[in-house]
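Here it is, the structure, as structure tokens.
By letter and in written order, the chains are A, B, C and D; residue numbering begins at 1 in each of them.
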Amino acid sequence: MTELAQPGADYSIVETEEPEVLSRNLFAAGQLLAGATAFFFLSFLFAYFYLRSLNNAGLWKPKHVDASVTWGTIVMACIVASAMLLRFGRIDHAAGRREAFRLKALVALLLGLAALVLQVLAWHEASFGPTDGGFASVYFGWTAFLFLFVFCTLFWLETVLATSWRYRNDPMGAAVVAPGHASGDPSRTAHDIRNPVELNRASLGALSFYWTFLAGIAVLTWIVLYLI
Amino acid sequence: MATPAPKRAEHGKRVIVGGIVLSVVATVLVAVFGGRFLPPGNGSVQASGQVLDNTVMLAIVTPVIAGLLVFFIYVLSQFRHRGGALVDGPPLRDDSRVRVWWIVVTSVTVLFLAGFGTFELLQNGSGGGQGPDPIAVPAGTKLPVQVIAQQWQFTYRYPTYGGLETPQLVLPANTYIELHVTSLDAIHSFWAIELGVKADANPGVDNVAFVKTKGPRTFHVRCAELCGLWHGYMFNNGRVVPEAQFTAWVKSQQSDFAPIAKYLPKYSTTYYPDPQRRAG
Amino acid sequence: MRATGFKVLGVAVGLAAAAVLIGLYVSKLTTDNGSKAYTVPVQTQGGHKVVDLQIETVAAVGPQFSPAHPDYVSYLVRDAQGKWLRRTVWRLPANATVHMTIYNFDGASGLRNPLYARPQGIDGNSFMLDGKATDFINPDDTSHTFAVPAYGLVVPLTGVADNAKNQCGYAPCALSMAHHTITFTFHTGKVGHYRWQCFVPCAAGWIDGFGGPMQTIGYMDGFLDVI
Amino acid sequence: MSVARRLVGFNLFTACVLGVGGWYAGWFSAHAVVGPSLDYFADVDFNELSLVLGYIGGVLGFLIGLGFFNYPLARLRGYPPSLREKEQGGIGRYFSLCTDHKVVGIQYLVGIGLFFFIGGLNAMLIRTELLRPDHQVWPAGTYLTIVGIHGTMMMGMMTSGILGPFANYLIPILIGARRMAFPRIEALTFWLLMAAGVILETTIFFGGFPTGWTGYQPLGTEANPGIDCYYLFFALVGISMTLLGLNMIATIVTMRAPGLTWSRLPIFVWGVLSTAALMVLAAPVLIATLSMALMDRVVQTNFFVAAQGGSAYLYENLFWVFGHPEVYVLALPGFAIVLEILPVFARKPLWGYRLAVGGLLGVTLLSFFVWQHHLFFSGINADLRPFFMLSTELISIPTGLTFLCGMMTLWRGQIRYSVPMLFCLAWFFNFLIGGLSGVFLSDTPSDTTTHGSFFSMAHFHYTIMGGLVFTFFAGIYYWVPKMTGFQLNERLGKIHFWTMFVFFNLTFFPLFIAGFQGGMPRRVVTYPHGLQFLNDWVSVSAFLLGGSMLLFLYNFVKSLVFDRIPSPADPWGSKSIEWQLPSPVPVQNFDRIPVFSSDPYGYGEGGRPVVVPAGAPAGMN
């Protein structure tokens, strides 16, 4: 029998978080999250076409129910522009232009927030309420959950931006972290973070993928709810 | 050990022969006698078809159970570790003959089952609800009867008799019945057990099922989909009666419900009653 | 040894806690949504059992009868002392004649299936509506039905007109308030437990009108507990 | 004093306090701010929105109290990503947010077990009612609530019944890692489930729910506010499932130790992988569906109201698009455990490894294409029925492959009848009956009789209880010595097995007859008098089955609390890697990351080592 471990090791030994591992994990998680998100919105897509084809009681889309294409286009454009900016920002970050990245990420964040505010305005300005038949239900349900997903992704974007800002003076690959603070335990001498900038790059890679994916969902939303 | 361990081929032969013998005996028994015990009986043409179907299913399932039982009894009794130090078994990791045979046999069985089921289904719809546009429509004239499910009772309408509505289901013997099942509120399921009919009742949907009655008899109707508080009480009995008796029954019901006849809505295969939202 | 004592104590406390929780859970389930049985007094007339049953229907049961759901529409039953009770499980003798009087204080909400506007399963298939023999009412005027499907019994109750004066807001309702009186006679059969219900979608505010009080024993549903 | 100090801080106690606080905060905020402005609530004595917001507030408060928000807030302030929360030793870590996968595994085992017993208690209550054909013990509405709680608890909680305790504990060990890919998410999945379970039980304070575990519309829309607890429970379970699956796949894909190629993965890891794939893809559909149902109630949308432009069919379709993969989420880990344990006790390599993997993946794939067999007579797409009949029956081919691999692993083995092995062998019998009764349900003409009857009820109890719960216990008897370091009493285990196996069959086999011959529909509070004998038989057996579960509890407590006989590192003579570690597994799992050189099934193939220790030592800074 091979001796793989000694009994009784305690929590004082801490494993380090290697940026490559985090990068691979986040890459896999980003794809899986995208899959889950796709199935989530597929349900709404299914509901859209199902209710539309049934048109029960002639109440799929009564006359006064029509989502404003203008509002929809603006919201979608904000999200797509934000996602594109972040992609460019990622290229900057990879090339070591972290100032440029932060600027782009900040604008991307603001664009995302603008999309959320505009979405709220669009709901407020809509000529119909959630009670007005099949389309109204799908419209409010779908946009509400897109709102939620976008909000959570913006949270992620903010963390990447904030980390980049906090370590703005540290050169890539040599940042120093006080012992233990990331683990929340100041008494612990070892710590699991060695290089926050590299870790942030891993996070940014997955975020950029997922945010672009969500922008794709936003485009789908725009096509389904506003165009057809 | 008193007896030397049999060679591998003998183990296999014993299991295969034992399995086949037991399978054949059991299957023959099922095929011959199964039909007598299997539901839903011979209440209608569709029900008889289902009995045939159930018999075929059981006749296919039986040898599988018999074969596997023989296998397990043999294996678990023959290949047990008889105490002492741990001994490893032979490192068998694959056997292409077993693999191929198994896949072929299961595939053929499955495809046969699906084919047979589809054939039975398309013959006469086998008593199941087929939605508003039925695909298996039996030829000939049919008596339309609408089943209206509501919380928590079934009522029945006979459009050919002036839209007569009654809380009892009476059907003429030896007649093709076209059932239109719909609901006024939640989802119910109309299950005429001995007639072999099951069709969900959905609000705003016309779910059509066909059944050809045989001789006079009674049958049970139960709701087979959870529909709220009195789901467990949503049952009644129906009758299949001779043609003449049916006509007389219709007359008596028409006079019984004459006062309300003018208030009944125009016959329609679906209803969209006002759901009374909370706004109201 | 002390350690074992602690363990035993711990297990005992755990068992006691589990027992208490299960007891609370089960007692909550048995009492919830239920209705105690009301035994209807029986008279004997010529060797035949006769029962007088008086019930009323109210638009809202009010905080006195149901603090939890004061706005539920409900049936109430009158006991021998003339007191109204929110009990919907009525214990009746088998093979008896039941003279039933229903005071309806509620307005009309209309039947979804007009069939139930035709009384069925009662003597003569007609009932007395405010003293007048009636064998059907307009489905739209129906406020509730009293129905025992196992007996094939359905009696539609005419609703109080919307413009009637002195309407009863919530129970208890005095007989001086606007109401309709419906009387009829039916017969209990074999021993058994027969549900009764209302077929009018009268639970205002619930989708399909069949939520809340319509699906809760003690309001618009109950049993004839025939013994 | 020290006790009081320990209660302050981020732990379960704080979480419960903040959970209740959050509930009332949500409740009152909806009442105060939103309630009056939406006049359609005025008619009802119940404000739906405040209930939902109350529960959302409660869940958030619960998670805040456990400390789940500390890390996101730190990240918001720019602190870098980190692996784990502060870990403490001792008993306290089991009652707080802990990112040690072994602690989470044990938390899951106890937590899921608790709710499993609550679900079982409800089953006993159901059978009490069915002792007599007439309505008797529970008010009719309460009976439906009990049925609903039983079904929902079992279907919801037990989705993580094997992945929760065993996969969380074992997957990192089996793949030679020290942690899951996302330890915080791992902890989150557990605590979400606990919050969900409590929410489901509180339904009894809001009138219960009449819909069973399927929550069909429009019955759900017209139900008492108690149904919101059902929606929220299942939505939280859905979120937990998605995250659990995501974490599992990410871990298995990225964190395998050197040398652990795909063809060397233990079959249990493959089972977890395929189950996780189902979870990640199917559970979001559930979350979306229940969100729609909740919106129908709370903001009056009309997704499922036919008269207002919606459709009840939409719910049935969406629910079963999730619902059928869901039942394989329950079944697949069972397959995996059986195939994992058989080689150990037959002392032979797993026969047909590739075939078994193919079977698992085949079931995974096919399970997305069969959902309308739940709706054969609903009137949906009647012309698609032959297709769904075929796809449903096709699933028996990959299922048959796992059967074959198991059977051939036993063939000519040196079989030892230890308790875990007995449970695995019982799986064959139960799943055989369950699977073959499924043939009747998959065939549309036969389904006319069996659909919605006790026959289908018996069928899925044979597959789920016989398939999942038996393997769940197999897993407990097999791995708990490793997880706790103490042996479970073998003799009591055998008594537990035999009583459970016998009474399980005596309980559920007669139900086939009740449904098939007697025409007894599911979820009824009454049944024809002629079926009383059968039902009484079933009830008595069910009570005895419940007693057998209590026997297990007795064994569990006696062995782990009182007897505490240390378990050797490898009591079963297994070659798999977890048995080469001390029991219980040390905090860091491995002193050095191992390098795999073979799969763990090399019985009878010489002394080939499964791993060679190498790699970097832990904790190098």
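By our rule, a contact is a pair of C-beta atoms (placed from the backbone, for glycine too) under 8 Å apart; a residue touches a chain by one contact, two chains touch by 3 or more.
This is a predicted model, so every value here is computed, not measured.
Seen from the C-alpha centroid of chain D, the farthest chain centroid is that of C.
Each of B-D and B-C has its own count of C-beta contacts, and the greater count is at B-D. Between the Cα centres of chain B and chain D there is a gap of 30 Å.
Distance between chain B and chain C, defined via averaged C-alpha coordinates, is recorded as 37 Å. Rounded to a whole number, the gap between the C-alpha centres of chain C and chain D is 41 angstrom.
Chain A and chain C have centres, each the mean of its CA atoms, that are 54 Å apart. In chain A, the residues that reach two or more other chains under the touch definition are 56-57, 131.
Looking at chain B, one finds that residues 185-186, 204, 228-230, 233, 272-273, 275, 277-279 touch two or more other chains.
In chain D, the residues touching two or more other chains are 43-44, 135, 140-141, 210, 218, 222-223, 300, 305-308, 311, 313.
Of all possible chain pairings, those that touch are A-B, A-D, B-C, B-D, C-D. Those residues of chain B lying in contact with chain D across their complex are 8, 11, 37-40, 46, 49-50, 53-54, 57, 60-61, 64-65, 68, 71-72, 75-76, 79-81, 86-95, 98-99, 102-103, 106-107, 110, 113-114, 117-118, 120-122, 126-135, 181, 185-187, 189, 191, 193, 196-200, 202-209, 220, 222-233, 272-275, 277-279. Looking at the complex, you find that chain B touches chain C at residues 148, 150-153, 155, 165-167, 184-186, 228-230, 233, 236, 256-257, 259-260, 263-265, 273, 275-278, 280.
Considering their complex, residues 43-45, 121, 125, 134-142, 145-146, 201, 204, 207-208, 210, 218, 221-224, 305, 557, 561-562 of chain D touch chain C. Interface residues of chain C, counted against chain B in their complex, comprise 112-115, 117-118, 120, 125, 135-136, 138-139, 149-150, 152, 154, 195, 197, 199, 201, 204-210, 214-217, 221. Residue ranges on chain D touching chain A, taken from their complex, read 70-72, 74-89, 100, 178-179, 181-182, 242, 245-247, 249-251, 253-255, 280-285, 287-289, 291-292, 295-296, 299-303, 306-311, 313-314, 317-318, 321, 569-570, 577, 580-582, 585-592, 594, 609, 611-613, 618-621.
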